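Below is one structure, written out as structure tokens; the observations come after it.
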Amino acid sequence: MEIIYSSKPLLAVMTSVFVIPILLSCRNSNIRETWTFIAGFIKLLIIVSMLPVVLAGKQPAITIYEVLPGLALQFRVDAFGLLFAIVASFLWIITSAYSIGYMRGLKEHSQTRYFCFFALSLSATIGVAFSGNLLTMYLFYEMLSFSTYPLVTHHQDREARSSGRMYLVYILGPSIGFVLPAMLISYHMSGTLEFAVQGFLPDQGNYTGLLVLLLLFIFGFAKAGIMPFHSWLPAAMVAPTPVSALLHAVAVVKVGVFCVARVMTGVFGTKLLASFELNTVICWIASITVITSSLIALSQDGLKRRLAFSTIGQLSYIVLGIALLSRSGMEGGMLHIAMHAFGKITLFFCAGAIFVATGVKNISEMKGIGKRMPITMAAFFIGSLSVIGLPPCGGFISKWLLLMGTVQAGQYVMLAVLLTSSLLSGAYFLPIVYNAFFCKPGNNTFQGGIQEAPAWCVVPLSVTAMFSILLFFYPQPFLQLSRVAVDSFLGGP
Amino acid sequence: MKLIGMISIFWLFIVLVYGTSDFSAWGDPESPCNLHVSNYYIEHAMSDTSVPNIVTAILADYRGFDTMFETAVIFSAGIACFFLLRRPKYDAPEAVVFRHIQTGITLRIEKGGRLPKESDEFERIDTQWVPYDLVIQVTSRILVPFIQLFALYVVAHGHHSPGGGFQGGVIFGAAIILFAVSNTLRKTTHRVSEKRSAVLCAIGVLIYAGTGVCCLLAGGNFLDYSALSGLLGVDPVTARSHGIMMVEMGVGLAVTMVMIWIYYNLSSAGKQHEGL
Amino acid sequence: MIWQVEFIILFLVIICGIAALWVKDLLSAAILFGAYSFMMCILWAVMGAVDVAFTEASVGAGVSTIFFVAAVFRTSRRTKD
Amino acid sequence: MDDMIAIILSKYNYWTVITLMMIGLYAMIVKNNLIKKIIGMNIFQTSIILFYVSMGMKKDATIPILEHHPGMQEHVYHAADYINPLPHVLMLTAIVVSVATLGVALSLALKVYDQYGTLEEDEINAKIRKASVKS
Amino acid sequence: MTEHYSVLLIIMPFLSGLLISIFGWYDQKKCYAIAILCLFLSIIISISLLLAVMQNGEPVQYRIGGWAPPWGIAYHVDYLNGIVLVVISLTSFLNLAGARKVIEKEFSDRIGAFYTLYILFTTGLLGMVVTGDAFNLYVLLEITSLTGYALIGFGVNRAPLSALNYLLMGTIGASFYLLGVGYLYMGTGSLNMADIAHLLPAIYHSRTVMFAFLLILCGLFVKMALFPLHGWLPNAYSDAPSISSGLIAPLTTKVMVYVMIRMVLTVFTPAFSFSFAALNSTMVWVAVIGILSGSMLALFQTRLKRMITYVIVTEIGYMVGGFWLGTRDGMTGAILHIVNDAMMTLCLFLSITLISYKIKGDRFSDFRGIFRKMPVTMTAFVVAALSIIGVPPTCGFFSKWYLISGGIAAGHYGFIAALLFSSLVNAVLFFRVIEIGYFEPFSDHGANSGHVPEVRMDEAPVSMLMPLMITAAMLIVLGIFSGDIVTRAIQFAIPASII
């Protein structure tokens, strides 16, 4: 593993300085949003430019400052982090476009604040993805929590307030109560917090101690939405839809999952996990979440809430995949970060577009909506396919790899879990699509021809939908990245 | 509350009495506290400072820094009383009482009324007025100068006998307070106005600190009076003695004025137009 | 330094202290406190601490008492305890 | 028995100090009237001064003013002849501090009286409670 | 002149305080200028003192009056108090820098007296920190206390009563300290801290030393408002004028913690305090109870200032507990937290000063819509709140890091749990306020548009905002550079015997 010095990771995180021009141009919304796009493209360019280097097996790294003796603010880009960063930063641009349509369409207040905090949370996400040690990761994790708070509570009404409270309690409580002590305990055990390929925790240790530590980490990163620390996600759906789309389908939740995965690989290391069979514990926890959340999703009527519960389940796929510790399982888990992101963001975009165009939020009111918004609902269909894991969508590849992984690891119960959950997700998505196209609307709401949401909304969701399909045929960059990552985690090809 | 207080106090008493068990006996010349540092003072005070009163020597020289801040404490007490109590000047009293001296008639003038000039005919009196007692007035009038003289003696003779700036200052202040008690507060503030007392007490402390700064400028450490020997034209030991004198005067001035100032504010609850 | 004398004074000090806290008239309390200070001052003089005794005589028995009297004069004289 | 008397004789001064201290502390904790509390505070402070002064006491020694007259320059002073002066110095400072504290305490008490018209703590608390209920 | 810096640091503000009191009677306009100038100079001097200590690697000594210790009073600046000196002068300066208008509004007819008290208070604190003499410390402690009582007593509501209570409690505390010093003097015959430390080991077994230790600690605990003895603090700090509490709240308690550390480490030395007296675990448990109850009590408050005073009580528990863990990390955390907590509290109180400049009342309900009205102030407030909660990269996180790490090293899990619990409670406390300021008055966010009733932006003047912004920025800067602070200064402040 060759480490090369590069300031690119820092630059990628620092693109949040564009907050300043965004703030300054608060009077003119066009200029403001231009700045957002500029920031997004710069960020994406910087991140993508690291792709060849990382694929060649090198790791760009930069140490910024030693905040505590022996503990630095440190960025190190490996394949796993880069995969996540590419997804997040690419989708940011699309979401920005969508945000414009959505926010203007609804004439939301405080749009400048919205765009500022959006930029900040993206930087925090990239920071988490690139962080080279646990401390840096924790720092950006907390930064993300606080910079998304104003986004979640954007409406500033009673509902937003109670949801915001729930959000903070669920995110902040475990992160201070569990992660912080866990981090310190592991620091005391090993004297370092820097992620290592095979984990930095010493090989020896007693089972109970390690198990407690692992559980503290896994539940502490509550953004991963592992039950019982999942309730914040449905609550956070009061946020404007672009926020739900990017943050609660991509950035925030994936940050949680990413942190959990990082802890499993970089802190504990696959060998340690395997030798104590700690991974089975995680598998069980994840599988319980997968099944339960899918069941809950079935009973939800609010579209966004149903999506939220679906997200909870899908997040646990990723955790499950990595906890399998088999080659395909880990590849599939990592790939699922990307695949699920494209699929789920499409679904959220559609939900938002429906809301903008018709003001409808509940699934039961959407019968026959396909006649009015055919493009949106077609995209919705593609997104659902991807999330369920059916070809010709990207989700199929990752799910296939996950299934392979269970077989490789010999965990047939998990195979069953995954299959059941796929069936369940089919059960809660496909009826929506069916009803939208083939049911007659109960009243006359959706008559009167095609009437889509504004172009700023429709174009992004079509783009993501197309990408979902595209990734089925061309998953190379992500697949390669995940292979490189898994190679290093499992030690050799 | 009383019972709880009593019980806890009782326990504290027992504990503290237990704590005395390792004390060296009372009056024991061999106890550690009488052996270490203090012996140096007794043996060297004369040769170091040529001040026979060891307490004064330590107070103003060896531990002169403590004393400077002691003066600062009393100064800040004066400022604090003023800060807390003083009513602004425009906060005029509700009614002012005058007495026609010849007839003994009392005039009560409500707020806003026209006030007679203070003269032989009219005299302003306190609202709670007690007729003057001639014996007290005359006695105190006679006593005051003697007390003041004694105070000056105490300040000046602090090198050789008990006393010093602090005691002298308090006695001087007490003399003026005696005047204020036996006469009226207004008469006193006429003689030593509040502003004057405030400024003078700051100047008193400044004399102390300034002496120290002079030592600093003369090349010594802060409050190292021996550095003043060149300035005063005497040998370093005598310079220390002179330095102590200067400092004592500063303390005396500051303490006098602070005592008066605090008394002004306390006795009139900050109004200062009528007092005890 | 006759210890009997000192003993008596110590006793008086305690008595004065308790009395100053006992009486229900604050003016008396102030005066008793002055007496307490003066007893204390004698005690210290007996112990050879002349400077301290001098200071206590002028401060404790003198100025402090006056301050107390002034304060009592400006507030109320009676108290319940 | 002789031991007992010896102990008493060597410690009674300190015990008096503690007694006074407790009297003062009791007044500060239990007394209801603010002026009484302040008197208690002063008793408390003087007891500590007494403690220091007793500490510096030496049997068969004189007051800490050196014997001196012209022509005595070469005289050597013996520490055992004079009472320990250091505690006296410290206590001069402490007395000053106590009178300064007294001044500030009394002016605060005057301010309290101005505000509530009483110096009894229970009455003041009752008034505060009434005011807070009203608002 | 450099060798005189340690004494100049005290003398210069002292002289300026006196000058101000004279100018107060003639030309009140000059008071502010003198005060701010002398505080600025004291920052420079204290920083250069710290740098001198860091360069030479050994303490700066100064003999006042030219007398060698233990006969004279000596000043002694080492790593530990070098840091605290900088904190004091900086806090005092920042609190005063922008407050001119507030002071003129609040103390219109006694400006001179106010500035004098302010400067004397700072002088007392600086002196307490710099001195190497146990009795000198008492005198300076009294200066600080007296000026503090006056500054608090001039406040609103029941401020005089609170100040009187504070005075009574403070006098008990100071007297206990004095008594303890007396016991020490009785045992050793010396008042100089280094000398006492030198003489003590011969009489460790003596009950006198043990009682001296206990009495001094008791006195200091009253003064620093450790939990069961905290009764005076909430009233006194919350009723004080906001400018005074901005000075007193960040500094007094922290300096008392410093004095405790100084006493325990320098005078009694760890050999006595941690091995012979062996109070470690008791003290940590006391601190734990303090932290827990402070947090719980803070939850019941409905006024911002009062709530923050209870947070201060909690923070005292952090420092005392961290220190008495007796591990290197714990002590580092305690000392670092002196610095950080002073800055955090300052930031909070500065923002309260600004808020009270524009808004009447400090009940939570008075803060409706304040994010719209005063966005800059509230940003600083949020930064301070995050720091108190302990969110990286603000400085509060890093001291908490060390404290918890010390707890792990000592195996004291009760302390860790208390710390984490109080962090969570702090989050609740501050977000309760932030929620009110951010959400209320509620808008009706319907399907089409939501418009909060228009609240105009109405910030305090820039001159007042600047110090606040600087303080808020300091919180983050201190956090990022906390590693440097620890490796360059704090680790030398802790005796090598502690691991």
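Should a chain be cited, it is by its letter among A, B, C, D and E, assigned in written order, with residues numbered from 1 in that chain.
Keep this in mind: contacts are C-beta pairs under 8 Å (C-beta built on N, C-alpha and C of every residue); 3 or more make two chains touch, one makes a residue touch a chain.
In this text, all values refer to a predicted model and were calculated from it rather than measured experimentally.
Here the chain-to-chain distance from chain C to chain E, counted in touching steps, is 2. Shared contact partners of chain B and chain E, listed by label: D.
Interface comparison, A-E versus D-E: the higher number of contacting C-beta pairs is recorded for A-E. Compare each chain's C-alpha centroid with the centroid of every protein C-alpha atom shown, and the nearest one belongs to E.
Among the remaining chains, A is positioned farthest from chain B, on the basis of C-alpha centroids.
For chain D, the chain whose average C-alpha position is most distant is A. For this pair, chain D with chain E, the centres built from the Cα atoms lie 29 Å apart.
With centres set at the average Cα position, the gap from chain B to chain D is 18 Å.
Annotation: 70 Å between the Cα-based centres of chain A and chain D.
Chain contacts: chain D has residues 9, 12-13, 19, 21, 25, 54-57, 59, 61, 63-65, 86-90, 92-93, 96-97, 99-101, 103-104, 106-111 touching two or more partner chains.
For chain C, residues that reach two or more other chains under the stated contact definition are 50-51, 55, 59, 63, 67, 70-71, 74. Of all possible chain pairs, the ones that touch are A-E, B-C, B-D, B-E, C-D, D-E.
In the complex of the two chains, the chain B residues touching chain C come out as 53, 55-56, 154, 162-164, 166-167, 170-171, 173-174, 177, 181, 259, 262-263, 266-269, 275-276. Within the complex formed with chain E, the residues of chain B that make contact are 16, 18-19, 21-24, 31-38, 40-41, 61-66, 69-70, 72-73, 75-77, 79-80, 82-84, 86, 88-89, 195, 198-199, 202-203, 205-206, 209, 212-213, 216, 220-227. By the touch criterion stated above, chain C contacts chain B in their complex at residues 50-51, 53-55, 58-59, 62-63, 66-67, 69-71, 73-74.
Residue ranges on chain E touching chain A, taken from their complex, read 386, 389-393, 398, 400-401, 404-405, 408-409, 416, 420, 423-424, 427, 431, 435, 438-439, 442-445, 447-452, 479-484, 486-487.
Contact residues of chain D toward chain B in the complex are 9-15, 18-19, 21-22, 25-26, 29-30, 54-61, 63-68, 75-82, 84-90, 92-93, 96-97, 99-101, 103-104, 106-108, 110-111, 114.
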